[in-house]
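For clarity, chains are labelled A, B, C and D in written order, and residue numbers in each chain start from 1.
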Amino acid sequence: MAIILGDIQYGKAESRLVRIYRESRRHEIRDLNVTTALRGPFEQAYLVGDQSNVLPTDTQKNTAFAFAKSKGIETIERFGLDLARHFVHDIEPVEGARIEIEEYAWERAVVDGVEHDHTWLRKGQEVRTAAVTVDANGEYVIGGLKELVILKSTASEFFGFLTDEYTTLPETHDRVMATALDAKWRFTTTDVPWNEVYAGVKSIMVREFATLHSLALQQTLWHMGKAVLEEYPFIAEIRLKAPNKHHFDYDLGRFGIENNNEVFIAADRPYGLIEATITRDDAPDAGDAWRASAGLA
Amino acid sequence: MAIILGDIQYGKAESRLVRIYRESRRHEIRDLNVTTALRGPFEQAYLVGDQSNVLPTDTQKNTAFAFAKSKGIETIERFGLDLARHFVHDIEPVEGARIEIEEYAWERAVVDGVEHDHTWLRKGQEVRTAAVTVDANGEYVIGGLKELVILKSTASEFFGFLTDEYTTLPETHDRVMATALDAKWRFTTTDVPWNEVYAGVKSIMVREFATLHSLALQQTLWHMGKAVLEEYPFIAEIRLKAPNKHHFDYDLGRFGIENNNEVFIAADRPYGLIEATITRDDAPDAGDAWRASAGLA
Amino acid sequence: MAIILGDIQYGKAESRLVRIYRESRRHEIRDLNVTTALRGPFEQAYLVGDQSNVLPTDTQKNTAFAFAKSKGIETIERFGLDLARHFVHDIEPVEGARIEIEEYAWERAVVDGVEHDHTWLRKGQEVRTAAVTVDANGEYVIGGLKELVILKSTASEFFGFLTDEYTTLPETHDRVMATALDAKWRFTTTDVPWNEVYAGVKSIMVREFATLHSLALQQTLWHMGKAVLEEYPFIAEIRLKAPNKHHFDYDLGRFGIENNNEVFIAADRPYGLIEATITRDDAPDAGDAWRASAGLA
Amino acid sequence: MAIILGDIQYGKAESRLVRIYRESRRHEIRDLNVTTALRGPFEQAYLVGDQSNVLPTDTQKNTAFAFAKSKGIETIERFGLDLARHFVHDIEPVEGARIEIEEYAWERAVVDGVEHDHTWLRKGQEVRTAAVTVDANGEYVIGGLKELVILKSTASEFFGFLTDEYTTLPETHDRVMATALDAKWRFTTTDVPWNEVYAGVKSIMVREFATLHSLALQQTLWHMGKAVLEEYPFIAEIRLKAPNKHHFDYDLGRFGIENNNEVFIAADRPYGLIEATITRDDAPDAGDAWRASAGLA
C-alpha cells in the first residue's frame, strides 16, 4: 500500500513566438503560442530533486525559437512534429513529447485597395490549434480550432424534450442559436496537406451549422462532425465542445411593442454546454494523443 | 469647510443587446454592448436615500431594448442619440445623458461560395465605439474604435533618444512595430454619414500606420490623427492611445544561428504606452463630451 | 467502417448560485459556480434531433437552485452528491451525472473590532472545487482547489540539470519559487468531514511548500502530494498542476547597484508547467471520476 | 484653422516589480505593478520623429527597478513620489511625471500555527493603488483601492423611485446589496502615514457599507465618502465607482418552494453603475492630479 508517483510531465507553456519571413519585399507572418512538455524517466527530480535527466523548460523554450528559424514554420502541425521528434529522438532520456500550439491569424492591411507588403491586422476570429504527441507508440497529430463564434438567426427549434417538476422552459420553433465552438480532430497519418485540410474542416463545419434545420445543438454537432469525417478519410475522430450561448427574447410586450424574434439579450452565464465525439468504428488506437495534462479540468 | 457632493451620475452598464432584422430572407444582425448614465438633480438619493427623481437603472435597460425595436439600430451613433435625447427630453428631472456603446462586427458565413442569409461568424477584430452626451450645452458624439491590433515588420526605427545612467536600450534601425490601438474622435455635428466615416477613419489610420517610415510610435500616431482631421472637417479632435507591444529579437546567436529580424518573442508586460491628442486649434468647446465617469482611471 | 457517435454529455455550465442562511441574526453565505452534465441514452437527440430523453439544461439549472433551498448547501461535495444522485436516480433515462462546483470564500466584515452579522468581503484567494460523478459504477468525489498563489523567497535551488546545445540557463542556489497551484484529490468514500479535510489538505500543502528545501518544483509537488496521502487514508490519489511563475533577478549591476535576490521582474508568459499525480499503488479504479469533458484541453 | 498637437504623454506601463527584503531571517515582500508616464516638450518626437528629448520607456522601467533597491519601497505612495521627483528634477526636459502603482497584498503562510519567515499566500482581495503626479504646479498624491468585493444580505431597500412607461422593476424592502468598489482619494499633503491611512480609509468604508440601513447604493456611497473626509482632514475629495452587482431572487415558487431572500442568481451583465465624488467645498485645486491619460475611457 505504498504511495507512488503516477503520471508526470513538465515543460514550458505559452511561449509567444512570432516569425517574420522577409526573403522578398512581401513579408509573411506567423504568430504562435507554443507549449512543450516532456515525458520520461524524470522520477528522481520529483523524489529527491535530482535534475540529471531534466532538460530545463528554459532550454525547451530556446529550442522552439531556434527551430522557428532553422526548421521554419510551414504549418503548426509540421512545426509541432519537428519539435516533438527532436526532443524524443535527440535528447537521450526523453521518451515522449507533447507540443501544443495556438496560431493567431493576421490579414494584410489594405492601402488604397492594395494588400500591403509588411503590415497586417490581427483577424481575431477563431484560434487554430495543434497538439502533437510523439512517443514509443508512434506519432499523433490533433488539429483543431477554438472559439469560433457562430450564430444563426432562424432555422433552429427546441421542443419535445423531457420534462419533470423543475421544468419551466417553453418549447420554441424559432430561436437564435449561437456558440463559440471548440473542435479537435485526430489524424491517422502525418502526411497531410495541413493548411488545406484546416480550411476544409472549418468550411464544412460552418456549412453544416448554417444549412441544417436544427432541432437541437446536439443534432447540429453530429452533422458537423459526421460531414468532416465523410470528407477526410485520414481523420479518425473529432471532438466538439459547444457552449449554447443563450440569446433570450426580450419581453417588449410589457411596453406594447411586438418582438418577433428581433430583440434579444445575450447572456454570459450560465450557458448550455453540449459535447460530442464523432468517430469511426474502426478508428486506430489513440495512444496518448488526448493526454493533455495530469488530468486536471 | 463643508463636505459636499460633487459630480454624480448613475446608470446601467453593459446591456448585451442583439438585434436581428428579418424583414427579408436575408437577415441582418447588430450586436451591441450598451451603457447608459444619467446626470441631474439626484442629490437626495445620495444624501437621504430619496429615489423620487431616480429613474431605475432597470428602466434604462428596458428603454434600450424597447428602442432597439421601436427606433431601430441604424448606427450606434444614431441609436445613442435616440436614447440620450429621450432621457433628457422625456424624463422630467434628467438634465444630461451619457450613452456609451460598443459594437461587435459579424461577417456572413460563406457556404459553397455564397454568403448565407441568416448565419454569421463574429469577426473578432476591433470593436467600434460611440459615446453620446446630450445635456443643456448641446449634443456631442464621439466615435471610436478599440483594440485594433496592427503590426508592421519593417520600416520602423528608434534611435537618437535621450540617455541617462539608467539607459541600456540599443538603437535600432529596423524593428517590428505593433500596437492595439484605441482611438476616439469628436464630431462637431450630428449630421454625419456614420458608417461611411467610421470606415474612412479606420482606413486612413491603417494607411498611415502602414506607409509612414516610422521613427517612433509617437510620430506614427501624429500622422494617423492628422490625416483623419485633414479628411473630415467635421471631426474636431482625435485621441489616440497606443500600447507599444514589444516584439524582442530572440538571441539565436548563442546557438550559432543568425536572426535577422525574423524570430521574435512577443512580450505581454510591461509595454510602452504612447498617448496623443490631435486637434484643430479652433475646435469648439467639448462640454462634457469626454466626461466618461467620476474621474476614475 | 461506419461513422458513429462516441462519448456524449450535455448540461448547464456556470450557474452562479448564492445562498444566504438567515435563520438567526448572524447570516451565513455560500457563493457557488455550479455546472451540471448528464450522460445516458441521448443519441437520438444527436442523430435525429429527438429530445424525448433530454432533460433541458434549463431544468438542470432550476434543479440546482431548488436544491439550494430544499437540500441546503452544507458543503459543495455534499451538494454535488445531492444533485448527481437526483439526476441519476429520479430522472428515468439518465445514467450518469457529473457535477462540478467552484466555491468562492468570503470573510465577515469587521466593524469596530467585531465581525458583522450580515456583511462580508470576498476573500479572493484560492477557489475550492468539487467534481462529483454518479453512475452505474458508483459514486466518485474529487475535491480540489485552484489558483492558490504561493511564493517563497529563499530555500529553493535549481542545478545539476541536463544540458544540450540550446541550454543557456545558469544554475542557481537561491531563487524565488512561486506558483498558482491547481490540485485535485480523489476520495474513496463519501463519508468524509468535507470542510475539515479541505482545510487539512490545504494546510498540509502549504506546510510542505514552505518547509521543504526545494531542489525543483517537481520535488516540492511530490512532497506536497505524499504528505496529503499520508494524512488521509481515504484519499486515493492527488493530481497537481503547478505553473512555475518565474521571478527573474533584475540586472542592476549595469547601474552599479548590487541585487542580492532582492529585486525581481515577475514574468507573465512563458512559464514552466510542472504536473504530477501522486497515488497509492492499490488505489481503487477511478471509473469516470476524471472524465471532465469530451477530451478537449 | 491649423491641426495641432494637444495633450501628450508617454511611458512604460505595467512593470511587474517584486521586492524582497531579506536583511533578517524574516523576509518581507512587496509586489507591485508600476506604470510611469512623462509629460513635457516631446512634440518633435511626434511631429518629425526626433527623439532627442525622449527618455526611452525602457529607461523608465530600468529606473523603477533600480529605485526599488536604492530607494526601497516603504509604501507605494512614497515610491511613486521618489520616481516622479526623479524624472521631473533630474531629467532635463521632463516637466511632469505621472506614476501609477498597483500593490498586491500577501499574507504569511502559517505552518503549525506559526507565521512562516519566507513563504506567503497572495491575499487576492482588493488591490491598493496610488497615482502620483509631480509637475510645475506641485505634487499630488491620490490613494486608492479597486475591486473590493463586498456584500450585505439584508438592511438594503429600494423603493419610491421615479417610474415611466418602461418601468417594470418592483419595489423591494429587503435585498442583497453587493459591489466591487473602486475608490480614489486625493491628499492635500505628502506628509502622511500612508499605510495607517490606507487601512483607516478601507476600514471606514467597510463600516459604513455594513452599518448604514441603505435606501440606495447612492446613499451608501455618500456615507462612505463623507465618513472618510470627516476622519482625515488632509483628504480633499474621494471618488467612488460602484457597480451594483445584482443578486436576483430565484423564483422557487414555481416548484412550491418558498424563497425568503435565501437563494439568488448572481448576474454578470448588465449591472448598475453608481458614481459619486464627495469633496470639501474648499478643496484646493487638483491640478493634473486626475489626468490619467489622453482622455480615453
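Criterion: contacts are C-beta pairs under 8 Å (C-beta built on N, C-alpha and C of every residue); 3 or more make two chains touch, one makes a residue touch a chain.
These figures come from a predicted structure and were not determined experimentally.
> Would you mind telling me which chain pair, B-C or A-B, is linked by more contacting C-beta pairs?
A-B
> If we define chain centres by averaging CA atoms, which chain lands farthest from chain C? Would you check?
Computed centres place B farthest from chain C.
> Note whether the interface between chain C and chain D is symmetric in residue numbering, meaning over half of all numbers used appear on both sides, and answer same or different.
same
> Cα centroid separation between chain B and chain D, in whole Å?
Distance between chain centres, rounded to whole Å: 23 Å.
> Just the number, please: Cα centre separation of chain A and chain B in whole Å.
Chain centres of chain A and chain B, defined by C-alpha means, are spaced 30 Å apart.
> With chain centres defined as C-alpha means, what is the inter-centre distance between chain B and chain C in Å?
Each chain reduced to its C-alpha mean, chain B and chain C end up 38 Å apart.
> Touching two or more other chains, which residues of chain C qualify?
In chain C, 15-16, 62, 66, 166, 168, 254-255, 268-269 touch at least two other chains.
> Please name which positions on chain B make contact with chain A in the complex.
15-22, 27, 29, 31, 62, 65-66, 68-70, 106, 109-112, 116, 118-126, 148-155, 176, 203, 206-207, 209-211, 247, 250, 252, 254-255, 257-268
> Quick check: in the complex, which residue numbers of chain A touch chain C?
Contact set of chain A toward chain C: 1-16, 35, 37, 42, 45-59, 61-63, 66, 90-91, 93, 100, 131, 158-164, 166-169, 182, 184, 214-216, 218-219, 221-222, 226, 229-230, 237, 239-241, 243-244, 269-282, 290, 292-297.
> Provide the residue numbers of chain C that touch chain B in the complex, in ascending order.
165-166, 168, 254-255, 268-269
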